[in-house]
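Two complexes are shown next, each including subunit A; its partner changes from subunit B in the first to subunit C in the second.
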Partner chain A sequence: MKILIPLKQVPDSTVRVKVAPDGKRIAADGITWSISPYDEYAIEMALERKDSDPSTIVAVVTVGPARSRDALRQALAMGCDEASLVLAEEEVAPLAVARALAKVVQDAKPDLVLCGKQASDDDQGFVGPALAEVLGWAHVSTITKVVVSEGAAELWREVEGGHEVWKATLPALATVHKSEKEPRYPSLPGIMKAKKKEIPERPFASLGIDANAPKLEIVSLEPPPARGGGKILKDGDAKALAERLATSLRDEAKVL
Partner chain B sequence: MAVTAAEAGFDLTLSDEQELAQRAARDFASEKVLPLAAEIDEQGKIPPALLAEMGALGFMGAYVPERYGGSGLDTVSYILIVEEINRACASTGVVLSSHLSLAIEPILEYGTVAQKEHFLPAMARGERIGCFALSEPASGSDAAAMRTSARRDGDSWVLNGTKNFITNGSLSDVAVVFAQTDPAKRHKGIAAFIVEKGTAGFSVGKLEKKLGIRGSDTAQLIFADCRVPAANLLGEVGDGFKIALSTLDGGRISIAAQAVGIARACLEDSLGYAKEREAFGKKIAEFQAIQWMLADMATEIDAARLLTWRAASLKDAGQDHILAAAEAKLFASDVAVKAARDCVQIFGGYGYLKDFPAERHYRDAKITEIYEGTSEIMKLVIAEEILKE
Partner chain C sequence: MTAPTGGFVVGGVILLLLVVLGFGAFLWRAYRLYRYMRLGRNEARIDHPWRRVRDELIVYLGQRKLLKRPYYLRGLAHAFIFWGFLIITIGTVDLLIDGIFGFHLPGAGSAVFAWTIDLFAVLVLASIAVAAVRRAFFPPPRMHVALDGYVILGMIALLMLTLLVFEGAGLSAGLLERGYTPPPIANGILRSIFSRDLAGVVFPVAWWTHVVTVLAFSAYLPQSKHLHIVTTFPNVFFRKQTPRGQLSLIKDIEQQETFGAATIRDFSWKQLLDGYTCTECGRCSDNCPALATGKPLDPQRIVLDIRDQLLREGAALLADPKARTTAPAHWSERKPEELWACTTCAACVEACPVTIEHIDKIVDMRRNLTLMEGSAPPEAQRAMTNIERAGNPWGAPRESRGDWARELGVPTFAENPNAEYLYFVGCAASVDSRNQKVAVALAQILKAAGVSFAILASEETCNGDPARRIGNEYLWQTQAQRNIETFAKYRIRKVIASCPHCFNTIANEYPQLGGNYEVVHALQLVDRLIAEGKLKIARGTAEAIAYHDPCYLGRHNGVYDPPRAVLDAMPGVERVEIEPYHRERGFCCGAGGGRMWMEEKVGQRVNHRRIDQLLATNSGATKVASGCPFCLIMLEEGVGAKGVQEQVKPVDVLELVAGRLQS
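Showing the complex of A and B:
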């Protein structure tokens, strides 16, 4: 079977993000880029399936600028078989990303598409379900486990106090909340194998999709306000301190 | 048109593979090694599962060619990995360096095809760990004065003697052992042998208790009428001294990288602490006294790293790297010791406590000025190289 994972390259979780001078985007200078963590879980889930059935083909794709090749290379080094890039140097609206990925899916013909449940940069969680809609495929969100058998997939979701098991006929799409194991590190032999693989690319413009439809615009971005210093209540017995604490919580912090 | 650095013939940009290797090692080191570093130091032992994972990721055979079961990367990639592992834990770092630079390297460089095919695949996967047995109780820097003897007897060599300060000594399954076949010939009588654990007459003596790198085992190896098959002679009789010295030339590059890793740990930990700790109403990072120490550390670490990368790239290019490796090790080890001293100073009283990593860096850094050629030997090597014209 073939599993396709659309991934997104995002600022690494260790990066302290700064707002660019125009106030509409983050400053890209000096950022370390990584595969979005939920996409890594999706890759790990697919590779675990490949570990138990080596005939499984695991492919990754991304819609993004040239630098996102590094994320694809890393996915290959983790053990994925194929990677391809839809090159778009400018920002592409989320629905247009889903439409572009649908074209890739139609060409690649995977049995299962696994997406991270959301990208860690904008956290919209939009592209996975939208891709299923564009394709007209069954879709199950935030899964933690997949069991494939005879043209269908059991998709496990964690719910309050237990889990649900959904069954979908293939092809299907699921968004991944977590894999059973932590995502693997790229091994050095994996890095050398990845080096030898071609990463075919096609320009977004060649797909005949409007990158700005429907148009979404970020009006402004601002960092959260700096945290003020804490306040320590001293001097007084427990009753007096409790009264002052309650007053502070009500009148100053406004949480009561 | 602007000329890129690469076109100008001077390029410090890492290749895609080098960057991926560095990143894999950095993620592994910070997530898997660093959380164990204090315990490894305290217990004097590295969990075998950690070394097994390093083996599975290909670190233990980083630059061994793929045809011998290795990862097939270059020396620069290996050096990047060594820095990352040592930034997390110098004990774990030296297991890797000794195994690859000192035990695998001479087999790779001087072994026959049969020896390489027999020994390297399991070593490259980290399933069998290697060590390098040169030093003796009475001969360290003066290696030619060794007393361990090798006597030919039929299809075997019979080894007798004691080796000291052997890193990975008790952990190892394969030892590259140097012995004297004819004392009258001094260094021209020395031969190198590959000796496997379990060979009759080969045993591990006492384990040393050390100031730093406490998780790495340092053992005495004892050879008592130890019969080694003649097929395990590495190179020719009389090649031993050359094999030892050339192996150490390369090994110094990875010790330089270890020193850079330890120094970087000092800098990163110092930066973190200086930005948190307050004195006289402000963060200590705002005091110039602290800033100067941090600035010196950062500058010296960059310089040490550049020397180390240069030595590694010369080795990759198959060029003479004796001078470059000695300079890198001399400088980087000095940088590590100074960075560790300043790190403890920045942490102040807390730097002296086991609760913080500064004192471990201080103890770990010192060894880099001693093993694989002391700083004094490095200066002899450098002087000899620059005076020989």
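Showing the complex of A and C:
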């Protein structure tokens, strides 16, 4: 079987983001980029399936600028078999991304598409379900487990106090909340092999899709205000302390 | 001619035959073992030849590593057996030559030689008695007490006895002519026991028994762990002469296809020789913090499993050069958890009397798990990913590295490229809030002493030590390379580290990648600044402070005294030791070898045991001082878990100094 994972390269979660001078974007210089964490879970989920059935083919694709190649290499190093890039230096509207991915899916003909449930940069959670809609496929969101058997898949989804199990005939799409294990650390031969692997690329414009789609416009970005120092109330018995705490919460913090 | 083969051609021939049989059996087996050993990969061990000769004199002949706390008496008994054995072997060789060819070695007929043999024969017998009683009645917990030991002790005792009896009886029977006063035991006691007639019979019997025992001994030896009498000689000679804290470099790592030790062939010949040399004494295991706290790791088993596996597979591997064999992670009941339990504290290496190198084997096996199989524990993988992406195992933003220094006016090299020293802050003191206080303390001290220094702030990256010890040589190399390039950019030559792991890897391991610097640990520098009068310490409150030796400062780098000297230089401070676990027997905090980043669920936590040891001294210490950020974190967690944080407070020695600076 073949599993395709569309992924997104995002600023690594360890990066301290800064706002660009125009106040509408984050400053891109000196940033460490990596695969969005939920996409890593999707990859791990697919690779776990490959561990138990080595005939599984795991492919990754991304729509993004040239630097996204690094994210694809990272996925190859983890153990994915194929990677391809849809090159778009300018930011593409989410629905157009979904349309581009639909093209890739139609060519690659996977049995299952796994997306991260949302990208960690803008947290929209849009592309996965939109891709299913464009393809006209069934989809289940935020899954934690997938069990594949003859032409069908059981998709497990955590809900409060238990989980739901959905059955879908393949092909189908799911967005991933978490894999069973933490995303694997690549082996060194894996890293070396990934460095040599060819990553086919096609320009976004060559796909011939409609790039017109609604897009969010960012009016302004600003960092959260610096956290002021905490305050420790000492000296005094419990009652006096409680009174002072209540006063502070009302008059200073204005939360009561 | 004094041997009872005298004149008899038959006797001489029989003797010659026995010698060929006995020594032949030895050589036959020894050659086999040698060929097995050569199955291991190549490794050059001939650097520093003079140091090797020196070590041979001190460690092999001098028995230096046996005479150690808490093993003095046993060590001395062993030393006597060994020295006696060597001297008597010379006597035996002389006796055989005499028996076959009818002449003596030069000097063998002298009074000095006879008296020496006589004296040592007695010392050996007494020491054997000590050893036998100890085995029978007080067997040490980790030692394998097997028949083998008694057989060897018995044979050596027999050698000594027959020699004395032979000499005594010979004298009594008038068969031996001595041109000097014969030695007291053989002459005085034994001579008077035998009547002249009896002596005539005892003399040849004792002689032949001696000879047969020698030959039986040499035939038996290679089957026994007592082969160490022989193998220790090369094992000491070929011991690692590079710093103890330096792991081996994987050269041209991007061109390699396999990494670490997965099978017997992946160990070096020296690592296999270690297996032949292990005496099964159990000293390594006695001192292992992982084993002591119930982890599934036993350093002695690490060594012996390699040996046993080699003996099991050796013949098949020699027969088929292509045969690949089982990975050590799957030998017998070995589980990878054993390998992950090691803190690389070097207590085993320090304790081993025959210079066996445990850590290198463990790390080689870890390299295989991490680099080939990608199977390090998940928390360790997270730490490695963080190092890769953020340059520190915590995963704190790289840009935050210099935050602690911002308000202190500590310059970066970008701001002051002419600073004399680089203070390499390290990840812990850069991003861990508790350890940031230590960095602040050191900055204050350096300023007070007028030392010219700067930091690299966000240009600094992890020194790579945790990655290297988890087995990720590649990540270590990339981190180290990055730092080396940054150092080169600012022409940095002198480095201060407040973390022993940074100190060890920059001082001992960066040279492997071409980075050579003058590196000091902050406490060495502070010690020097105090001695030079550049730092003045004010009198503080009188208090008792215990010192905890960080493994990478103490055992790995021999820095035991400077931190103590700093404590002693503080008026009012009474330094106390965590007896008997201090200096080279210091007990690990549990964080080394990448363990800081792994869960510890089996057995007692190592740091909790350390706090138990501290409390058991009843020294009244109100603080426990260390010189390592990881020790500090572990000790803090330990006192918290034990509920004694009010009673004894973990600190870094630097914080104590900074708090008592005299303006």
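Keep this in mind: the second predicted complex is superposed on the first by the 251 of 256 C-alpha atoms of A that agree within 3 Å, B and C clash if a C-alpha of one lies under 4 Å from a C-alpha of the other, contacts with A are read in each partner's own complex, and residues count from 1 in each chain.
Note that in this section contacts are C-beta pairs under 8 Å (C-beta built on N, C-alpha and C of every residue); 3 or more make two chains touch, one makes a residue touch a chain.
All values reported here derive from a predicted model rather than from experimental measurement.
Asks: Looking at the overlay on subunit A, is there a clash between subunit B and subunit C, or do the two fit?
Replies: They clash.
Asks: Check the residue A:S187 against both partner chains and state whether it touches subunit B (first), subunit C (second), both, or neither.
Replies: After superposition on chain A, A:S187 lies in contact with both partners, subunit B and subunit C.
Asks: Per the contact definition in the header, classify A:S13: touching subunit B only (first), subunit C only (second), both, or neither.
Replies: second
Asks: Thinking of the overlay built on chain A, is A:R73 touched by subunit B (first), by subunit C (second), by both, or by neither?
Replies: first
Asks: Could you let me know whether more residues of subunit A are touched by subunit B or by subunit C?
Replies: Partner touching more subunit A residues in the overlay: C.
Asks: Stretches 132-140, 438-446 or 564-572 of subunit C: which one clashes with subunit B?
Replies: For subunit C, the listed stretch overlapping subunit B after superposition is 438-446.
Asks: Using the superposition on chain A as set up above, list the residues of subunit A that contact both subunit B and subunit C.
Replies: Common to the two interfaces on subunit A: residues 185-192.
Asks: Show me the residue ranges of subunit A that touch subunit B in the complex, using the header's touch definition.
Replies: 70, 73-74, 77, 185-192, 194-195
Asks: What does subunit A use to touch subunit C in their complex?
Replies: Against subunit C, subunit A makes touches at 12-16, 32, 34, 181-182, 184-192.
Asks: List the residues on subunit B that touch subunit A in their complex, please.
Replies: Residues in contact with subunit A: 16-17, 19-21, 23-24, 27-28, 56-59, 62, 66, 71-73, 77.
Asks: In their shared complex, at which residues does subunit C touch subunit A?
Replies: Touching subunit A from subunit C are residues 253-254, 257, 259, 370-374, 376, 378, 381-382, 384-386, 389-390, 395-400, 474.
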